[in-house]
Amino acid sequence: MNLHVRIVTPHTTARPSKLAGLEDLTGAFPGLRLSHVGLDAGPVSVEGSFDEALCAPGVVQRCIEAAREGVDQIVIDCMGDPGLEAARESVSTCVLGSCETTLHVAAMLGHKFSVLTVLERVRNLLERRALVYGLRDKLASVHAVDVPVLEIGVDEVALTRALFERAKVAIEQDHADTIVLGCTGFLGLSQRLSSALREAGYAVPVLDPLRTALATAVSLGSLGLTHSPQAFPSASFGKPIRGFASLAQLLSQGAQRT
Amino acid sequence: MNLHVRIVTPHTTARPSKLAGLEDLTGAFPGLRLSHVGLDAGPVSVEGSFDEALCAPGVVQRCIEAAREGVDQIVIDCMGDPGLEAARESVSTCVLGSCETTLHVAAMLGHKFSVLTVLERVRNLLERRALVYGLRDKLASVHAVDVPVLEIGVDEVALTRALFERAKVAIEQDHADTIVLGCTGFLGLSQRLSSALREAGYAVPVLDPLRTALATAVSLGSLGLTHSPQAFPSASFGKPIRGFASLAQLLSQGAQRT
Amino acid sequence: MNLHVRIVTPHTTARPSKLAGLEDLTGAFPGLRLSHVGLDAGPVSVEGSFDEALCAPGVVQRCIEAAREGVDQIVIDCMGDPGLEAARESVSTCVLGSCETTLHVAAMLGHKFSVLTVLERVRNLLERRALVYGLRDKLASVHAVDVPVLEIGVDEVALTRALFERAKVAIEQDHADTIVLGCTGFLGLSQRLSSALREAGYAVPVLDPLRTALATAVSLGSLGLTHSPQAFPSASFGKPIRGFASLAQLLSQGAQRT
Amino acid sequence: MNLHVRIVTPHTTARPSKLAGLEDLTGAFPGLRLSHVGLDAGPVSVEGSFDEALCAPGVVQRCIEAAREGVDQIVIDCMGDPGLEAARESVSTCVLGSCETTLHVAAMLGHKFSVLTVLERVRNLLERRALVYGLRDKLASVHAVDVPVLEIGVDEVALTRALFERAKVAIEQDHADTIVLGCTGFLGLSQRLSSALREAGYAVPVLDPLRTALATAVSLGSLGLTHSPQAFPSASFGKPIRGFASLAQLLSQGAQRT
Amino acid sequence: MNLHVRIVTPHTTARPSKLAGLEDLTGAFPGLRLSHVGLDAGPVSVEGSFDEALCAPGVVQRCIEAAREGVDQIVIDCMGDPGLEAARESVSTCVLGSCETTLHVAAMLGHKFSVLTVLERVRNLLERRALVYGLRDKLASVHAVDVPVLEIGVDEVALTRALFERAKVAIEQDHADTIVLGCTGFLGLSQRLSSALREAGYAVPVLDPLRTALATAVSLGSLGLTHSPQAFPSASFGKPIRGFASLAQLLSQGAQRT
Amino acid sequence: MNLHVRIVTPHTTARPSKLAGLEDLTGAFPGLRLSHVGLDAGPVSVEGSFDEALCAPGVVQRCIEAAREGVDQIVIDCMGDPGLEAARESVSTCVLGSCETTLHVAAMLGHKFSVLTVLERVRNLLERRALVYGLRDKLASVHAVDVPVLEIGVDEVALTRALFERAKVAIEQDHADTIVLGCTGFLGLSQRLSSALREAGYAVPVLDPLRTALATAVSLGSLGLTHSPQAFPSASFGKPIRGFASLAQLLSQGAQRT
């Protein structure tokens, strides 16, 4: 099965290493082709609702472009799933959010999961997402390591230690049995955290959200499944749009949704 | 008490009659000044998540402008509350959503309310909002009259009749005891619907969302209350933004959140 | 708008200072007239279900009297909302409970609120109210300061300090972002608590329940809204009542509900 | 085991036949003694929150009297459980509500139960009780036969037929598998309804609330269990009470709660 | 009323003292006859889902045998209720689970209960049971004393102390007001724990699950109630079964369900 | 990536065609090897809790055998997920249930799904599974086509028509936007049903549970994830087991869980 999955990173910071960190997945699925794009307009990182509002139009545009290019699946590379519903209304190509997908996969593996994220300020955002996805009762807790997205790479040893400490609290106090990394910027840390926890006697899966969403995209691709058009009715592209020039031009070239 | 409430209509269609329909409120509160603005960029009407994604940046911009002008309260004039959380992260001035406010007021008046809205396609959007606002169990049902926003004024008699029919189903089958008009474009119809229902023997309050949000804004203004800064932590405006020129310029002039 | 709001204090202790503490509200709304009454029969304070059972008949009587007098809105001055449903069945005049109203307003302002109340023994009562009002998932926690209602005025400095300590726990441990004072006897303390929290770096709204209910009564008055007759069907006053002489006499003078 | 259970009927209508209809229970438990009392003050029947407010003080008084007399268990003979929490705060003797007890027993026997009651107007009251008792998700539906309490005995054949029709809807449309009679005035009808359903091919238990509460009282008596004092802290009888002369006099004779 | 209740202990360890510890119940109900059986095949104790899978077929067999013998009620003697649903599909005789029955009785007595059990490893199992029984919101917490089932009798003084410590945490931190012993092997400890708590000032009922289920069986027997055949449709015994020789032979002798 | 997934069909009926119907999956993943086994002991089909109780021990045995053989992933081929938790306690190899996996994947694709199953009698079983998996609020409804498992192949045209009719009701009345086939015996029907719905204008994904579970097993395999050992603590195989000879012998050969 040949499958082209597009990763849409919903901010304007260049991240050259993203595909490099996913070689195990492309190794596992020989027919899998990954490509990824960032945004032209929007914030440099997504750490709240303001940032999400500014990146959602760009996410929609990138999804329409991907659909035009004939991409098979699209993954939004952020735990807040910014623009997810709007993008799903805009294209027939299957769009997955890293958060929605990963929380449901985590829910399959145990009774309760905890999410370990960057900043305390995104707690509410993540809790709202869990609520909307129907998973409130599977969410044991949200914990933050107090490291902004743009500083994730500064000291990975300290960061892993901080994640380990929060995971311990989640397991022992909140009765979590599964750990979800709550930021797609944590790519590459799940193995380290998993090892540290195993060494300390904690036998819990650790889910990396981008990797989980990509593997799920492959799985859905093999099943021929996409998000439900009934659940996300096609946006009425006939209505005029002011501003958003490049997006409007894209839309003028014809419908993406059937 | 002098209070200036700004109505932010999150689309680009001019609606000259909005303030005209609210004279009863300004009559009731002599110190109340209403002003309203639309958007420069975005859709002509808001009927789904795609539309919401395109209007949210403009809503944020209008709220920052209102805060600069010293407005006391801001009301977002749409039942999807687009941009609500982002705007709350952006200004200290109290921002209210028509949906959130009206659903909670409806919840105070009875046991279960139903929402009567424009199109079947916004059902999920409204149900998600009720869920996020903690009111899932107070929502009896959502019904649509199958009239797009831009055609609301075409035949108000037929529209009122359609609303009446949906209200009857909501009351008799879904056990709703309170009716919420599910589109701020229905302004002016609540009285008619209320009369029609009363004549038919149904004694239920009918809430107009824009009017309810404005009266609540007055009430909160008198109490000196605003949305919780703890719940909506200030956006980090120090981070660079690409695109969104006029919004970025506004932000470069200094923080709006304390 | 001229509006007469009657405050019904559901106990038999005289509290001369109540209206004095509400001058800011009457100042804010020049057409607002406040009046308040206590009960002839019942407990000296309301701190549990036994007290509520003894004050509910008196609350109903006071509401019928208020409706007879042509009062526009009625507010029950107690966080347990004793007699609320019974009163709503008895009069067409809008009756609001301090608890129901304030919890919904708190829910509009943030994600989760905590209630700070007098005695541990009313925890269950308040939790049940939140549950019945559909707000269980918005309630972060209930904390008590261990001060009986009748001793609230004894040492306001110590009381404010105790409220501050409980608020800190609510914010830091229970993730509350909005604080509700859980007794209408705390009137006058919200400003103090709010200042103390702000000085300590906690940016959370603090809601005084009586004040919030009164401002909401004004708001509902301007909208012409009342509690739903469908939700609270008129009591069948034709049925004979034994005992409750003054209430029975009132009822014999004709129906208050339409 | 000798056990004296007091039935407190929370209204002022004399019902001479009550004990007569319970002879099967006293036959089943030779040591069981039943006694029952009505109220001196209150409504003639309980069909709403107004009625409940007027009967609750009398229920409390009857429970204190029963405790004085050394009764072992008390059952409140009404599906609204009026005064239940207040009575539990007032006496150490175990007080059971017909509604709370019967809904939990129904929940033990199947997946979902429906409640068939007298009038549509008590639907909200019963739904609130199910919610407060933690059983919202076990309640399939509430249906009313539109017969006031005082007319239950007028035409038992028609009433049974009406209950049968509602039960059919509950089973076939609402997926109820257990039927709860939603009024203690239906005493004697459970057998008839059960037979009619069985003949029609519906194999569902039919619970009579008074009978179920009494049998549960026997069961709890044999276990030495009572309602939790921690959950229902003792009312502070030291506080003065105005009015309610006979109740106040009772209280002046000493505490009933340990 | 003569009633024969069969206790089915779902493991293969002989426990001669079981009936000896229940003499108070047979004393309370002169017509009550208790009998009990263990299993021929299965684990020596039930401490997880693996154990439950191995004992469920034996539980079903014992229930069919009991029905053949004309037993009136059956109680499964384990807090995981292994085989409960399967047994109910297999016989018309009323089958009760110790867990389901006791949690509902606990729910009648207070606002929230905690379950004190043997090993941390059964936490999820008990939480799932509470969820399935509709009681998630009444369950304050689960605590374990870290004593395997087969070591319960080793040091009852230490065990009671451990239960007391967990009960204290449940009451003070989790706001439990009712305590459920979370293993039927704790038979005989409820009185001790109850006394210890009372002496320490904690006024909470302590429920022994086997005793509670048996007393409820008596109560249901007097009411003529059984589990709902509609909820647990008869297993289709016509289908061939491979293996399970003695069970298959039993089934070949004719249907037990009507 | 080479991956061996074992399908465990939890009954004793031979089904030679199973792998034949999955060639698209093995075609999509060249490294994927599927194998499948049935049971030696148990029922001929699984249509209720009795059947589940009889097949669970066999499922556990087959999972231990698969782990011994070095299989990479195990999928239980039944919508009731019989033996899932017990199997997870028994092996380190990842065990997936067709129901749990498919419901979570369905939840990723839309707002609400309905399950279309064989017989009305499994409704409760499926609803309980959805509840336990945390997905109660995503489940719009369960509908049955009234065809026993062993008759699925008798008339596939009539069966597809029946599924289509139930799907229409689910979409139009229950607001489902995603359809889950509620029996793994429906293998091969999802495409037909999907086509029929699309032709009739219903744009909803249709999920085949076995296929969905297998594709998810591949996805989890590529991620190196397994069910959480913390959530499903290892069964204590040291305890003696009576009966279940072949299973006991397997266990005597050493632990499968680390």
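Going in written order, the chains are labelled A, B, C, D, E and F, and every chain counts its residues from 1.
Criterion: a residue touches a chain if its C-beta (ideal position, glycine included) is under 8 Å from a C-beta of that chain, and two chains touch if they have at least 3 such contacts.
From a predicted model like this one, the values you see are computed outputs, not experimental measurements.
Enquirer: Determine the set of chains touching subunit B that also touch subunit E.
Expert: Neighbours common to subunit B and subunit E are A, C, D, F.
Enquirer: Between C-E and D-E, flag the pair that has more C-beta pairs in contact.
Expert: When the contacts at C-E and D-E are counted, D-E has more.
Enquirer: Examine where the copies subunit A and subunit F touch and state whether the two sides share over half of their residue numbers (same) or under half (different).
Expert: same
Enquirer: Would you indicate which option in B-C, C-D or C-E repeats the interface seen between A-B, with over half of the contact pairs matching by residue number?
Expert: C-D
Enquirer: Using CA atom averages as chain centres, what separation in Å is found between subunit E and subunit F?
Expert: Whole-Å distance between the two chain centres: 30.
Enquirer: Calculate how many whole Å lie between the centre of subunit D and the centre of subunit F, each centre taken as the average of the chain's C-alpha atoms.
Expert: Centres of subunit D and subunit F (C-alpha means) sit 45 Å apart.
Enquirer: Mark out which residues of subunit C touch at least two other chains, giving numbers and ranges.
Expert: In subunit C, the residues touching two or more other chains are 111, 124, 128, 137, 177, 231-232.
Enquirer: Touch graph across the chains, line, ring, star, complete or other?
Expert: other
Enquirer: Spell out all pairs of chains that touch, sorted by label.
Expert: Contacting pairs: A-B, A-C, A-E, A-F, B-C, B-D, B-F, C-D, C-E, D-E, D-F, E-F.
Enquirer: Give every residue of subunit C touching subunit D within the complex, in rising order.
Expert: Result: residues 12, 39-45, 47-54, 56-60, 83, 85-86, 88-90, 120-121, 124-125, 128, 131-132, 231-233, 235-236, 239-244, 247 of subunit C touch subunit D.
Enquirer: Under the definition above, what is the set of subunit C residues touching subunit B in their complex?
Expert: 1, 24-25, 27-30, 96, 100-101, 104-105, 107-112, 133-135, 137-138, 171, 177-178, 202-205, 207-208, 211-212, 215-216, 218-220, 222-223, 225-232
Enquirer: What part of subunit F is in contact with subunit D in the complex they form?
Expert: Answer in residue numbers: 123-124, 127-128, 136.
Enquirer: In their shared complex, at which residues does subunit C touch subunit A?
Expert: 111, 137, 175, 177
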